[in-house]
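Step one of this worksheet: look at the structure below.
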Amino acid sequence: MAHPVNPALGGHLLAYSGVPTFMRQTPTRDLRGVDVAIVGVPFDSGATSFRGGTRFGPRKIREASLALWGHHPIHGVAPAEALTIADYGDAAIEMASIEKTMANITAEVGAALAQGPMVVALGGDHSISLPLLRAQAANARNAGYGPPALVHFDAHTDVEPGDYEHGTVFRHAIEEGLIDPAATIQVGIRGSLYFPDDLNVARQLGIRVLTIDDCFEMGIPAVVAAIRETVGDRRTYVTLDIDAADPAFAPGTGTPEPGGFSSYQMLQLMRGLKGLNLVGMDIVEVSPPYDHADITALLAANLVFEYLCLVALNRA
Amino acid sequence: MAHPVNPALGGHLLAYSGVPTFMRQTPTRDLRGVDVAIVGVPFDSGATSFRGGTRFGPRKIREASLALWGHHPIHGVAPAEALTIADYGDAAIEMASIEKTMANITAEVGAALAQGPMVVALGGDHSISLPLLRAQAANARNAGYGPPALVHFDAHTDVEPGDYEHGTVFRHAIEEGLIDPAATIQVGIRGSLYFPDDLNVARQLGIRVLTIDDCFEMGIPAVVAAIRETVGDRRTYVTLDIDAADPAFAPGTGTPEPGGFSSYQMLQLMRGLKGLNLVGMDIVEVSPPYDHADITALLAANLVFEYLCLVALNRA
Amino acid sequence: MAHPVNPALGGHLLAYSGVPTFMRQTPTRDLRGVDVAIVGVPFDSGATSFRGGTRFGPRKIREASLALWGHHPIHGVAPAEALTIADYGDAAIEMASIEKTMANITAEVGAALAQGPMVVALGGDHSISLPLLRAQAANARNAGYGPPALVHFDAHTDVEPGDYEHGTVFRHAIEEGLIDPAATIQVGIRGSLYFPDDLNVARQLGIRVLTIDDCFEMGIPAVVAAIRETVGDRRTYVTLDIDAADPAFAPGTGTPEPGGFSSYQMLQLMRGLKGLNLVGMDIVEVSPPYDHADITALLAANLVFEYLCLVALNRA
Amino acid sequence: MAHPVNPALGGHLLAYSGVPTFMRQTPTRDLRGVDVAIVGVPFDSGATSFRGGTRFGPRKIREASLALWGHHPIHGVAPAEALTIADYGDAAIEMASIEKTMANITAEVGAALAQGPMVVALGGDHSISLPLLRAQAANARNAGYGPPALVHFDAHTDVEPGDYEHGTVFRHAIEEGLIDPAATIQVGIRGSLYFPDDLNVARQLGIRVLTIDDCFEMGIPAVVAAIRETVGDRRTYVTLDIDAADPAFAPGTGTPEPGGFSSYQMLQLMRGLKGLNLVGMDIVEVSPPYDHADITALLAANLVFEYLCLVALNRA
Amino acid sequence: MAHPVNPALGGHLLAYSGVPTFMRQTPTRDLRGVDVAIVGVPFDSGATSFRGGTRFGPRKIREASLALWGHHPIHGVAPAEALTIADYGDAAIEMASIEKTMANITAEVGAALAQGPMVVALGGDHSISLPLLRAQAANARNAGYGPPALVHFDAHTDVEPGDYEHGTVFRHAIEEGLIDPAATIQVGIRGSLYFPDDLNVARQLGIRVLTIDDCFEMGIPAVVAAIRETVGDRRTYVTLDIDAADPAFAPGTGTPEPGGFSSYQMLQLMRGLKGLNLVGMDIVEVSPPYDHADITALLAANLVFEYLCLVALNRA
Amino acid sequence: MAHPVNPALGGHLLAYSGVPTFMRQTPTRDLRGVDVAIVGVPFDSGATSFRGGTRFGPRKIREASLALWGHHPIHGVAPAEALTIADYGDAAIEMASIEKTMANITAEVGAALAQGPMVVALGGDHSISLPLLRAQAANARNAGYGPPALVHFDAHTDVEPGDYEHGTVFRHAIEEGLIDPAATIQVGIRGSLYFPDDLNVARQLGIRVLTIDDCFEMGIPAVVAAIRETVGDRRTYVTLDIDAADPAFAPGTGTPEPGGFSSYQMLQLMRGLKGLNLVGMDIVEVSPPYDHADITALLAANLVFEYLCLVALNRA
């Protein structure tokens, strides 16, 4: 990892040392010349179904990122060296107003995107993906692009009808034209359902749904192939709900569902996105009050690191 | 404690046994003939300042109430025998909409009050006191009463200006005429302030503010006397933020402030309300994810028990 | 899930809301017309070998059941709609007397069975299976049935000689003629042994024992086939010790043994019982004081849900 | 502290080093020449009312005792130097049989006492005091002594009628003539009661009861005076339920009651027994699964240390 | 609190938002024009006696500082407005070499002091006070000052003979002439001792020792008077070991001793230093792995805030 | 398991009973006639990279070993019967001096080895392997042996250049000629790297490195074959860093890396060493403050048990 510009952030690769920006990168809102901006979105009032606590997710993922020593063991790339990464800090939250918070997120992330970098967002509950995708869409439109493909790792489809909250976010995204359902794939879906045909609902929206049973039957390489087939060379946004992983590997989350991916499988899945046309990412539903020994935050930080490596490889 | 009507709720005084309604009382929305209805309000999106988690407060306080063996050691009264108490269940929450949730609370608690009983509410964050007081006020108006006196135990004044959330609730209550500031007393106030004159702001609204320093200098009996002097024989509502207690005694809360009351002092304060004209109560900001060995929930359950004993004594 | 009759139990599918009966079903001892009665057995003095704490198991499994949204994603059935389910509350416990407790369990569960429903019991330590099987046997005898087949998921054989406790329960059950050893299969057995031939002891009793090594070598489908072969179309009781799962997936248990099933494998195993002639179930050894983020209780609740779906399918 | 005979127990005063016998004293059943034997009683099936977990109490108190550096700061005595102390290990437990366990305790502790030393017992739940007092009584009778005085620190009177368990222990002790109620004092009693006249019940048995309210009104020096007045120069046994302390200071216990003593007050009370004719002690209801950062175990270890200092002073 | 220069650090007073520098102040090593520099020292290999974990202390105190809203409720001052405060980040640690670490600390803090500001250090175990005092002494000598007075809050005297570690630090400091023992006062000393005359050892070094018994007998105002009398108008350094507070109020520490100060008393003691000639401070032994709900870190952050207010008042 | 000589250590196979020596074996420094000596090394100042806490590892592994019932379910051997095992206690630690601690370890373990037994060490952080290997090497030289082969399970190669700490240990061991790199195999390596060619560095030292990706691609039987091929019939030392297991299975460790082995795979790997010429073992990096429900310590105890069974089989 490149030595940080600011020694107050920790000049040594000791995970317990220094002010925890993401991977010790500079905290700044000035993103000129920046390749990737890390943005925290510490909002959890969209977690309507079960537990909250994800407001502490961005901070803990930043902390856990300090245990990333810098170089990827397989890809042979060091994202903080290959890329200019900045820590944009957190979007302004109004915990008692999802509407105002969503407007803030769209505006602040939009301002970040307008300066050029890719944005990687740390949630927060999954409701934040909607304003993030709005900002992405506005930015893409300005550049002449349509809605991106979506790779969605999750235990839940999050396409229920209803007001803004973490279970309705991708229905809204589709209805607003922010993503292309025909290029959207959901991976890891499981658990009991509100309505008998919840999975069909997602499919009727045009989404390809791989349940966890599909995934375990196919094997991870085939899942990776299905993802690549679905998104092709489209501009692709990745949204990763940490509850795609099994609660044993990611206990610190709001709506845990037994029977999910192992941490190794999560890493394999992320590595499977190598070479895709990646335009942004969010990782959501890391809830530190329910985590143990920070294993969920560490997994999340590693998954962001994997993503950043892919971006670095794309830029190389 | 009277033997419960419903043995499925636990026919024995074992704290770990049975379905946890409040003190094993019947769960029902039919409050005819009921003296006190316990209502849960598991909402925590109003906790804008620091931690959430109080959505699990009502459930945990109910659980902790099963360790209440029934008879008060000093007052010599058993509230579940002296009173007909029902567990009304929880108000309907929409975690992503404080406005809808507040409307639900006011409606559901209003419907409870309209059936006759006193309502004791278990929060939830402190923002719930506003819709609770609206329901109280509407009910009181129907009976020809004006706004009640308020005994407010808390580390914070909660009278900041701004939108609905847990730090603005009593300013709204005063502005809406739901409480009488001249008969309002805040007890236990401490901690650093947003604005240099936050305490004066409360006082300028007409509230009597006893900081924790005042309380420790005066001694608890003098604090009790001040409370009694302030509310007199007015109809009196009690709102108790568990963070009035020191974090050592109540770690399970959203915005802990060092330097608060001990659990014994909390019990003394509640006992000091004996004989007041009590019309309702809420206890808020119990956050189980941050509690340890349920000591916060147990303190809260005991404080509700103390209150119920006072009600029972008043009815005797 | 069908809307609950009693709104105090939570009229919304929010996991943190309402009084936690199992899946919001009515708490009652009147089981006329009921298909399945959920009975808690919060006893843990039979946990002689290592940790206790399972007295809080029934309550926590009930709580976790509120995160079950109702419809099974594969079976396409909603047990709370397809079946009439009641929460019978808990059997009366005398923690200092296993004999009295066992008598209570047999009597109370017998009274439940006599009203017609199937009983699903939530433990408690594994010693409770003996009085449960006594009640089952008495009820079956009245209907002209002999001892049932037994599907037993566990890390331990629980067939040691000795007084009543959680490690001797199935030896007693066999000696009392409560189960048919020739139609009994133990799945997941592992860990160090008291006596060099502990596994042979079980086998000499007539039980088919699949160690975890057997299971991992065979693969889950073959394990399922072995179970089905063993019990055939016999009336079959299922006893599930949560320590069949690996401690990573089920840390909240009394006698954890490394090297067990994943949560997905546990779900697969339970789904493998589809179509069997199921007559009752218990799930035991969930110990909330040792759980983390309720992942053990959530797994247990899901496994009960899986079982209830099988019952619903059988009734369809 | 004297250097341990056995270096495997830790030759250095590092709390994290060595095999944790009590204060690094020799583990042995040969008590010839021993002044004080420490005996663990890891039984918790007598904890009928609420939580268990005290089976891990003896081990954790031993561990915490390794943080005792040896010399008392006020008394100027080092008990492990002034006395010969041995760690007798634990009495044999049968968790599913309180009767057998009680017989074992009485026999094993009787065998210890018969070798000469004073016994200090580490529980376990409070039910263990009955067999301990039986052993004490038998041993005293052999020496021509009658029942001892009793100093009883607790939140609960533990004199309910009923079978053996932790809430009935001192009624049985009185009925069996094991203690002299007229020389018995209970200190710290509080919390809600099963029956309206529970406190009178204790008093009618002849016990002097100081509620926590009495204690806080009198002040600790007056409480000490009352204790000394009650027991005089009688042979005195001390039984200390850690729940005499407030849950903030002792969260790791089975039946916490808010409104108790601080840790400093507990130390003051124990120091107040200086010079009494002390013949034995037990400390009970330390429940490590509910403790935090071992603060309860550390308090317990310090209270045993205080007692041992008093014994050392008496022997000087 | 002044609005932060850098919005990435959190532009809102939400405790869960932004990159956690101390009170959102700028992270920088450029201290020109800075009044107070906050320096973290995440070293815990000097914690030889019991638990470690204080390497995470600086980070957690920074996090907890975000719950400080800015204005002191009594002093009427806002230190982040009245003073220019910077977050200097952490000194370079070599966990396996106390000598190298001490050299780093002295060098880095010396470099900070040379730029003009006062340094407030966040530990780390108490061994860090020696290199901190070396840096202070060197800086003072350059300005013509001799060794400062020392106000030392602690459960332990930390004047044992021996190599560098957290229990020997003030003996070394005296031997090196870094503090004036005649103007040194230790407050809150308690717990069992290594050697019978440990307290005399401190006194023979010339230190005034107030044991916790002294403190509770005198009362806090008299303790404050004794402190003020001891240090007079000397240049005064404050070293605060969080274990001065009782484990109930500060469980997250390495060597907890029951029977200490309450959090309110700690605040009173710090407020009692108002007007003294304060030249620096450290707060040590906050060990997050042993904390609960961050109550220890919150107390520590509040005590630093109290200190900063005193500095601000002195500058006013 | 053979009945212990010393009943104070627990005469019954109850995991919560008795003084916790390893598997209830005699605590002694007299190793005449002893086959295996268990030695604790509670040192954690070598954990420079992230978390500490392993100073409590030896104690917790001893405690967890009491849940080992004695007989291996597959090998059919009971190591405590087949072998004479002693608990040597802990090596003397100086937490603030890695040099002195290393000298102590080498001396104390050397003294143990000189008495004849094999030594199995319980850490502590991985830096302790260097002095352990020094003692092994000295002892081997005396017997005419050269450096042993090394089987190294770990997430990290621990061959960085630099001073003594847990990440440099095997580079030092090779440079000092303590192990034979050509007969060394590292298994389970993963996670981000300090330097781009960290894996090559290990390989250039002559070590065979199996990354976790290699392992999962090959399958465990092939990994076992690779190990056996590498070490052949050489005298073989085993060093096992518990972080070879995934954080879900071993959260209680200092530097967790997602994507590791399951507990079953760990057991399989250890069983794969059957018949090798085993001369010693250490298990390191078990950090109880970060463990949950002791699952990491239980896994560690089981892995030591597996090793002891192999030794017993070799001796049979």
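Annotations
For reference, chains read A, B, C, D, E and F in written order, and residue numbers begin at 1 within each chain.
Quick note on the criterion: a contact is a pair of C-beta atoms (placed from the backbone, for glycine too) under 8 Å apart; a residue touches a chain by one contact, two chains touch by 3 or more.
Quantities reported herein were computed from a predicted structural model and do not represent experimental measurements.
Between chain B and chain D, the least number of touching-chain steps is 1. With contact taken as defined at the outset, chain A and chain D are each touched by B, C, E, F.
Considering the contact criterion stated above, the chains in touch with chain B and with chain F alike are A, C, D, E.
Centre-to-centre spacing of chain A and chain E amounts to 40 Å, using the average Cα coordinate of each chain. Distance between chain C and chain E, defined via averaged C-alpha coordinates, is recorded as 55 Å. Residue numbers of chain C whose C-beta contacts span two or more other chains: 14, 16, 48, 51, 55-56, 95, 246, 248-249, 262, 290, 292.
Shown here, the protein chains touch in an arrangement that is not a line, ring, star or fully connected set. Here the chains touching each other pair up as A-B, A-C, A-E, A-F, B-C, B-D, B-E, C-D, C-F, D-E, D-F, E-F.
By the touch criterion stated above, chain F contacts chain A in their complex at residues 48-51, 189-196, 198-199, 211-213, 216, 246-249, 251-252, 255-260, 262, 290-292.
Within the complex formed with chain B, the residues of chain C that make contact are 6-12, 14, 16-21, 27-29, 40, 42, 55-56, 59, 62-63, 87-90, 92-93, 95. Listed in rising order, the residues of chain A touching chain F in the complex are 13-16, 67-74, 76, 78, 246, 248-249, 262-264, 266-267, 292-295, 298-299, 302, 305. Put simply, chain D touches chain C in their complex at residues 44-48, 51-53, 55-56, 94-98, 127, 163-165, 289-290.
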